[in-house]
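Accompanying notes for the structure given below.
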Amino acid sequence: MKQYRVIFHLDEYNGVQITTLLKNIENLITDLGENNVQIEVVANAEGVNALLKRPNSHTDQIVKLADKGVYFTACAIAIHQIGLTKDKLLEPVDIVRSGIGELVKRQTQGWVYIRP
Amino acid sequence: MKQYRVIFHLDEYNGVQITTLLKNIENLITDLGENNVQIEVVANAEGVNALLKRPNSHTDQIVKLADKGVYFTACAIAIHQIGLTKDKLLEPVDIVRSGIGELVKRQTQGWVYIRP
Amino acid sequence: MKQYRVIFHLDEYNGVQITTLLKNIENLITDLGENNVQIEVVANAEGVNALLKRPNSHTDQIVKLADKGVYFTACAIAIHQIGLTKDKLLEPVDIVRSGIGELVKRQTQGWVYIRP
(Lines give C-alpha, C1' and ligand atoms only; values in the text may rest on other atoms or scores of the structure.)
Protein backbone atom coordinates (compact mmCIF):
# COMPACT_ATOMS: atom_id res chain seq x y z
CA MET A 1 0.00 0.00 0.00
CA LYS A 2 1.37 3.38 -0.98
CA GLN A 3 1.84 6.14 1.60
CA TYR A 4 -0.72 8.45 -0.01
CA ARG A 5 -3.98 7.38 -1.64
CA VAL A 6 -6.10 10.00 -3.34
CA ILE A 7 -9.49 10.02 -5.07
CA PHE A 8 -10.38 12.86 -7.40
CA HIS A 9 -14.06 13.54 -7.93
CA LEU A 10 -15.00 14.60 -11.46
CA ASP A 11 -18.69 15.40 -11.79
CA GLU A 12 -18.86 18.08 -14.43
CA TYR A 13 -17.96 18.08 -18.06
CA ASN A 14 -16.27 21.33 -18.86
CA GLY A 15 -12.82 22.18 -20.08
CA VAL A 16 -11.91 24.04 -16.89
CA GLN A 17 -12.59 21.19 -14.47
CA ILE A 18 -10.90 18.53 -16.60
CA THR A 19 -7.83 20.73 -17.29
CA THR A 20 -7.53 21.52 -13.58
CA LEU A 21 -7.91 17.82 -12.73
CA LEU A 22 -5.17 16.68 -15.10
CA LYS A 23 -2.80 19.45 -13.91
CA ASN A 24 -3.57 18.52 -10.29
CA ILE A 25 -2.61 14.92 -10.96
CA GLU A 26 0.63 15.83 -12.79
CA ASN A 27 1.63 18.18 -9.96
CA LEU A 28 0.76 15.67 -7.28
CA ILE A 29 2.92 12.97 -8.87
CA THR A 30 5.79 15.46 -9.26
CA ASP A 31 5.46 16.60 -5.63
CA LEU A 32 4.98 13.28 -3.84
CA GLY A 33 6.74 10.93 -6.26
CA GLU A 34 5.16 8.24 -8.46
CA ASN A 35 6.04 5.50 -5.97
CA ASN A 36 4.42 7.20 -3.00
CA VAL A 37 0.99 8.08 -4.30
CA GLN A 38 -1.86 5.97 -5.62
CA ILE A 39 -4.46 7.94 -7.57
CA GLU A 40 -7.99 7.14 -8.66
CA VAL A 41 -10.25 9.44 -10.65
CA VAL A 42 -13.96 8.77 -10.16
CA ALA A 43 -16.23 10.26 -12.83
CA ASN A 44 -19.94 10.49 -12.19
CA ALA A 45 -22.88 12.51 -13.56
CA GLU A 46 -21.77 14.60 -16.57
CA GLY A 47 -18.14 13.90 -15.65
CA VAL A 48 -18.22 10.54 -17.44
CA ASN A 49 -18.23 12.42 -20.76
CA ALA A 50 -14.59 13.32 -20.10
CA LEU A 51 -13.63 9.64 -20.39
CA LEU A 52 -15.08 8.99 -23.85
CA LYS A 53 -12.96 7.92 -26.83
CA ARG A 54 -12.58 11.21 -28.66
CA PRO A 55 -9.14 12.10 -29.91
CA ASN A 56 -8.06 15.32 -28.23
CA SER A 57 -5.36 16.52 -25.88
CA HIS A 58 -7.34 15.52 -22.76
CA THR A 59 -7.84 11.94 -23.88
CA ASP A 60 -4.15 11.63 -24.82
CA GLN A 61 -3.22 12.87 -21.36
CA ILE A 62 -5.68 10.50 -19.66
CA VAL A 63 -4.18 7.52 -21.50
CA LYS A 64 -0.64 8.64 -20.53
CA LEU A 65 -1.63 9.00 -16.87
CA ALA A 66 -3.31 5.59 -16.95
CA ASP A 67 -0.02 4.13 -18.28
CA LYS A 68 1.68 5.68 -15.24
CA GLY A 69 -0.74 3.87 -12.92
CA VAL A 70 -3.54 6.41 -12.43
CA TYR A 71 -6.83 4.49 -12.25
CA PHE A 72 -9.87 5.96 -13.99
CA THR A 73 -13.37 4.80 -13.14
CA ALA A 74 -16.81 5.80 -14.43
CA CYS A 75 -20.20 5.50 -12.73
CA ALA A 76 -22.38 2.77 -14.27
CA ILE A 77 -25.56 4.68 -13.42
CA ALA A 78 -24.37 7.84 -15.18
CA ILE A 79 -23.25 5.84 -18.23
CA HIS A 80 -26.65 4.23 -18.44
CA GLN A 81 -28.52 7.52 -17.98
CA ILE A 82 -26.49 9.29 -20.68
CA GLY A 83 -27.10 6.33 -22.99
CA LEU A 84 -23.46 5.26 -23.36
CA THR A 85 -21.92 1.81 -23.48
CA LYS A 86 -18.57 0.47 -22.21
CA ASP A 87 -17.03 0.44 -25.72
CA LYS A 88 -17.49 4.23 -26.00
CA LEU A 89 -15.13 4.77 -23.06
CA LEU A 90 -11.35 5.07 -23.29
CA GLU A 91 -9.55 1.72 -23.07
CA PRO A 92 -8.18 2.03 -19.53
CA VAL A 93 -11.43 3.16 -17.88
CA ASP A 94 -13.20 0.76 -15.54
CA ILE A 95 -16.87 0.93 -14.65
CA VAL A 96 -18.00 1.03 -11.02
CA ARG A 97 -21.54 0.39 -9.74
CA SER A 98 -21.91 4.01 -8.64
CA GLY A 99 -19.43 6.87 -8.62
CA ILE A 100 -20.59 8.22 -5.27
CA GLY A 101 -20.51 4.72 -3.77
CA GLU A 102 -16.91 4.36 -4.96
CA LEU A 103 -15.95 7.73 -3.42
CA VAL A 104 -17.57 6.74 -0.13
CA LYS A 105 -15.98 3.28 -0.02
CA ARG A 106 -12.50 4.61 -0.84
CA GLN A 107 -12.69 7.37 1.77
CA THR A 108 -13.92 4.86 4.34
CA GLN A 109 -10.79 2.82 3.50
CA GLY A 110 -8.62 5.87 4.26
CA TRP A 111 -8.20 7.46 0.86
CA VAL A 112 -8.31 11.27 0.83
CA TYR A 113 -10.70 13.31 -1.29
CA ILE A 114 -10.01 16.17 -3.68
CA ARG A 115 -12.67 17.90 -5.73
CA PRO A 116 -11.02 19.95 -8.48
CA MET B 1 -23.60 2.92 13.79
CA LYS B 2 -23.91 2.17 10.10
CA GLN B 3 -20.92 0.99 8.05
CA TYR B 4 -20.83 4.12 5.88
CA ARG B 5 -21.56 7.65 7.04
CA VAL B 6 -21.60 10.45 4.50
CA ILE B 7 -22.07 14.20 4.61
CA PHE B 8 -23.01 16.08 1.46
CA HIS B 9 -22.07 19.76 1.32
CA LEU B 10 -24.60 21.98 -0.44
CA ASP B 11 -23.46 25.59 -0.65
CA GLU B 12 -24.95 26.88 -3.86
CA TYR B 13 -28.51 27.37 -4.94
CA ASN B 14 -28.81 26.31 -8.51
CA GLY B 15 -30.77 23.62 -10.24
CA VAL B 16 -27.65 21.73 -11.35
CA GLN B 17 -26.13 21.29 -7.88
CA ILE B 18 -29.39 20.30 -6.21
CA THR B 19 -30.34 17.87 -8.99
CA THR B 20 -26.87 16.28 -8.84
CA LEU B 21 -27.09 16.06 -5.05
CA LEU B 22 -30.46 14.30 -5.05
CA LYS B 23 -29.34 11.88 -7.78
CA ASN B 24 -26.13 11.21 -5.83
CA ILE B 25 -28.12 10.29 -2.76
CA GLU B 26 -30.54 8.01 -4.63
CA ASN B 27 -27.63 6.22 -6.32
CA LEU B 28 -25.69 5.89 -3.10
CA ILE B 29 -28.63 4.26 -1.31
CA THR B 30 -29.16 1.91 -4.27
CA ASP B 31 -25.47 0.99 -4.38
CA LEU B 32 -24.69 0.55 -0.68
CA GLY B 33 -28.15 -0.38 0.64
CA GLU B 34 -30.38 1.69 2.91
CA ASN B 35 -29.27 -0.24 6.01
CA ASN B 36 -25.57 0.33 5.42
CA VAL B 37 -25.34 4.07 4.85
CA GLN B 38 -26.24 7.03 7.01
CA ILE B 39 -26.55 10.29 5.08
CA GLU B 40 -26.62 13.91 6.17
CA VAL B 41 -26.97 16.90 3.87
CA VAL B 42 -25.52 20.12 5.26
CA ALA B 43 -26.72 23.29 3.56
CA ASN B 44 -24.88 26.52 4.14
CA ALA B 45 -24.56 29.91 2.37
CA GLU B 46 -27.00 30.11 -0.58
CA GLY B 47 -27.55 26.35 -0.31
CA VAL B 48 -30.15 26.84 2.45
CA ASN B 49 -32.55 28.19 -0.18
CA ALA B 50 -32.87 24.63 -1.49
CA LEU B 51 -34.56 23.58 1.76
CA LEU B 52 -37.37 26.12 1.74
CA LYS B 53 -41.06 25.16 1.63
CA ARG B 54 -41.84 25.69 -2.01
CA PRO B 55 -43.82 23.01 -3.79
CA ASN B 56 -41.70 21.62 -6.61
CA SER B 57 -40.11 18.34 -7.61
CA HIS B 58 -37.00 19.01 -5.52
CA THR B 59 -38.88 19.61 -2.31
CA ASP B 60 -41.02 16.49 -2.91
CA GLN B 61 -37.84 14.47 -3.35
CA ILE B 62 -36.24 15.98 -0.24
CA VAL B 63 -39.27 15.04 1.87
CA LYS B 64 -39.22 11.48 0.44
CA LEU B 65 -35.51 11.10 1.20
CA ALA B 66 -36.06 12.44 4.73
CA ASP B 67 -38.74 9.76 5.20
CA LYS B 68 -36.11 7.20 4.21
CA GLY B 69 -33.79 8.49 6.95
CA VAL B 70 -31.67 11.09 5.14
CA TYR B 71 -31.01 13.93 7.57
CA PHE B 72 -31.16 17.51 6.26
CA THR B 73 -29.57 20.37 8.18
CA ALA B 74 -29.33 24.10 7.49
CA CYS B 75 -26.77 26.61 8.79
CA ALA B 76 -28.27 29.01 11.37
CA ILE B 77 -25.90 31.79 10.32
CA ALA B 78 -26.91 31.55 6.65
CA ILE B 79 -30.60 31.46 7.59
CA HIS B 80 -30.16 34.58 9.65
CA GLN B 81 -28.17 36.39 6.96
CA ILE B 82 -30.71 35.59 4.24
CA GLY B 83 -33.48 36.81 6.56
CA LEU B 84 -35.31 33.49 6.88
CA THR B 85 -36.96 31.84 9.86
CA LYS B 86 -37.32 28.16 10.87
CA ASP B 87 -40.98 28.01 9.74
CA LYS B 88 -39.94 28.80 6.16
CA LEU B 89 -37.92 25.58 5.98
CA LEU B 90 -39.26 22.17 4.99
CA GLU B 91 -40.64 20.18 7.92
CA PRO B 92 -37.83 17.62 8.31
CA VAL B 93 -34.96 20.15 8.21
CA ASP B 94 -33.00 20.77 11.40
CA ILE B 95 -30.95 23.88 12.08
CA VAL B 96 -27.29 23.62 13.10
CA ARG B 97 -25.19 26.42 14.63
CA SER B 98 -22.99 26.62 11.54
CA GLY B 99 -22.93 24.51 8.40
CA ILE B 100 -19.15 24.47 8.18
CA GLY B 101 -18.87 23.61 11.88
CA GLU B 102 -21.23 20.67 11.29
CA LEU B 103 -19.14 19.47 8.32
CA VAL B 104 -15.96 19.72 10.38
CA LYS B 105 -17.43 17.95 13.42
CA ARG B 106 -18.88 15.10 11.36
CA GLN B 107 -15.66 14.53 9.43
CA THR B 108 -13.70 14.56 12.68
CA GLN B 109 -16.09 11.81 13.87
CA GLY B 110 -15.19 9.74 10.79
CA TRP B 111 -17.91 10.68 8.33
CA VAL B 112 -16.77 11.08 4.72
CA TYR B 113 -17.29 14.21 2.66
CA ILE B 114 -18.79 14.65 -0.80
CA ARG B 115 -19.26 17.96 -2.52
CA PRO B 116 -21.65 17.56 -5.44
CA MET C 1 -2.67 19.99 18.64
CA LYS C 2 -6.09 21.57 18.44
CA GLN C 3 -9.26 19.45 18.52
CA TYR C 4 -10.29 20.38 14.97
CA ARG C 5 -7.95 20.87 12.02
CA VAL C 6 -9.39 22.05 8.72
CA ILE C 7 -8.01 22.70 5.25
CA PHE C 8 -9.95 24.85 2.84
CA HIS C 9 -9.30 24.29 -0.86
CA LEU C 10 -9.37 27.44 -2.98
CA ASP C 11 -8.84 26.73 -6.67
CA GLU C 12 -10.83 29.38 -8.46
CA TYR C 13 -10.51 33.10 -8.59
CA ASN C 14 -13.93 34.59 -8.45
CA GLY C 15 -15.66 36.84 -5.98
CA VAL C 16 -18.22 34.21 -5.02
CA GLN C 17 -15.75 31.51 -3.98
CA ILE C 18 -13.47 33.88 -2.04
CA THR C 19 -16.40 35.59 -0.27
CA THR C 20 -17.87 32.20 0.67
CA LEU C 21 -14.46 31.01 1.88
CA LEU C 22 -13.90 34.01 4.15
CA LYS C 23 -17.43 33.78 5.58
CA ASN C 24 -16.94 30.04 6.14
CA ILE C 25 -13.80 30.72 8.15
CA GLU C 26 -15.39 33.48 10.26
CA ASN C 27 -18.39 31.26 11.03
CA LEU C 28 -16.23 28.26 11.83
CA ILE C 29 -14.16 30.24 14.35
CA THR C 30 -17.35 31.63 15.91
CA ASP C 31 -18.92 28.17 16.13
CA LEU C 32 -15.99 26.08 17.35
CA GLY C 33 -13.97 28.74 19.17
CA GLU C 34 -10.57 30.15 18.17
CA ASN C 35 -8.73 27.86 20.59
CA ASN C 36 -10.29 24.67 19.27
CA VAL C 37 -9.76 24.94 15.54
CA GLN C 38 -6.64 25.18 13.41
CA ILE C 39 -7.29 26.42 9.87
CA GLU C 40 -5.21 26.35 6.72
CA VAL C 41 -6.26 27.72 3.35
CA VAL C 42 -4.52 26.11 0.39
CA ALA C 43 -4.70 28.08 -2.85
CA ASN C 44 -3.81 26.37 -6.10
CA ALA C 45 -4.48 26.94 -9.82
CA GLU C 46 -6.27 30.29 -10.34
CA GLY C 47 -6.97 30.45 -6.60
CA VAL C 48 -3.51 31.90 -5.92
CA ASN C 49 -4.68 35.18 -7.45
CA ALA C 50 -6.81 35.70 -4.35
CA LEU C 51 -3.66 36.01 -2.24
CA LEU C 52 -1.99 38.82 -4.18
CA LYS C 53 -1.17 42.22 -2.64
CA ARG C 54 -4.04 44.29 -3.96
CA PRO C 55 -5.79 46.58 -1.53
CA ASN C 56 -9.43 45.53 -1.28
CA SER C 57 -11.82 44.18 1.31
CA HIS C 58 -10.77 40.58 0.68
CA THR C 59 -7.09 41.23 1.25
CA ASP C 60 -7.86 43.19 4.44
CA GLN C 61 -9.89 40.28 5.70
CA ILE C 62 -7.19 37.76 4.78
CA VAL C 63 -4.59 39.73 6.74
CA LYS C 64 -6.94 39.96 9.74
CA LEU C 65 -7.60 36.21 9.67
CA ALA C 66 -3.85 35.53 9.38
CA ASP C 67 -3.37 37.68 12.52
CA LYS C 68 -5.88 35.39 14.25
CA GLY C 69 -3.80 32.34 13.32
CA VAL C 70 -5.33 31.22 10.03
CA TYR C 71 -2.51 29.92 7.82
CA PHE C 72 -2.57 30.78 4.11
CA THR C 73 -0.50 28.82 1.60
CA ALA C 74 -0.08 29.11 -2.16
CA CYS C 75 1.00 26.45 -4.67
CA ALA C 76 4.52 27.07 -6.03
CA ILE C 77 3.63 25.44 -9.35
CA ALA C 78 0.61 27.70 -9.88
CA ILE C 79 2.63 30.80 -8.92
CA HIS C 80 5.27 29.86 -11.46
CA GLN C 81 2.73 29.11 -14.20
CA ILE C 82 0.90 32.40 -13.71
CA GLY C 83 4.25 34.22 -13.76
CA LEU C 84 4.13 35.56 -10.21
CA THR C 85 6.84 35.89 -7.60
CA LYS C 86 6.78 35.60 -3.78
CA ASP C 87 6.91 39.41 -3.30
CA LYS C 88 3.60 39.81 -5.15
CA LEU C 89 1.82 37.75 -2.48
CA LEU C 90 0.34 39.12 0.74
CA GLU C 91 2.83 39.19 3.62
CA PRO C 92 1.50 36.27 5.66
CA VAL C 93 1.22 33.81 2.74
CA ASP C 94 3.62 30.88 2.62
CA ILE C 95 4.49 28.95 -0.51
CA VAL C 96 4.14 25.16 -0.64
CA ARG C 97 5.66 22.84 -3.26
CA SER C 98 2.24 21.95 -4.61
CA GLY C 99 -1.24 22.88 -3.42
CA ILE C 100 -2.69 19.44 -4.10
CA GLY C 101 0.28 17.77 -2.38
CA GLU C 102 -0.35 19.96 0.67
CA LEU C 103 -4.06 19.02 0.71
CA VAL C 104 -3.19 15.35 0.45
CA LYS C 105 -0.50 15.48 3.15
CA ARG C 106 -2.73 17.36 5.59
CA GLN C 107 -5.69 15.03 5.08
CA THR C 108 -3.40 12.03 5.54
CA GLN C 109 -2.38 13.63 8.86
CA GLY C 110 -6.05 13.76 9.89
CA TRP C 111 -7.08 17.25 8.84
CA VAL C 112 -10.58 17.52 7.37
CA TYR C 113 -11.32 18.98 3.94
CA ILE C 114 -13.79 21.66 2.90
CA ARG C 115 -14.20 22.93 -0.62
CA PRO C 116 -16.15 26.19 -0.57
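Note that the chains are named A, B and C in the order they appear, and that numbering of residues resets to 1 at the start of each chain.
By our rule, a residue touches a chain if its C-beta (ideal position, glycine included) is under 8 Å from a C-beta of that chain, and two chains touch if they have at least 3 such contacts.
Remember, predicted model here, so these are calculated numbers, not experimental data.
If you draw each protein chain as a dot and join the dots that touch, every dot ends up joined to every other dot. Two copies of one chain, chain A and chain B, form a contact in which under half of the residue numbers belong to both partners. Separating the centre of chain A from that of chain B, both taken as means of CA atoms, is a distance of 25 Å.
Counting partner chains per residue, chain C shows two or more touched chains at residues 113, 115. The touching residues of chain C, counted against chain B in their complex, run 3-4, 6, 20, 23-24, 27-28, 30-32, 37, 112-116. Residues 9, 11, 44-45, 75, 77, 97-101, 103-105, 107-108, 113, 115 of chain A are the ones that touch chain B when the two sit in their complex.
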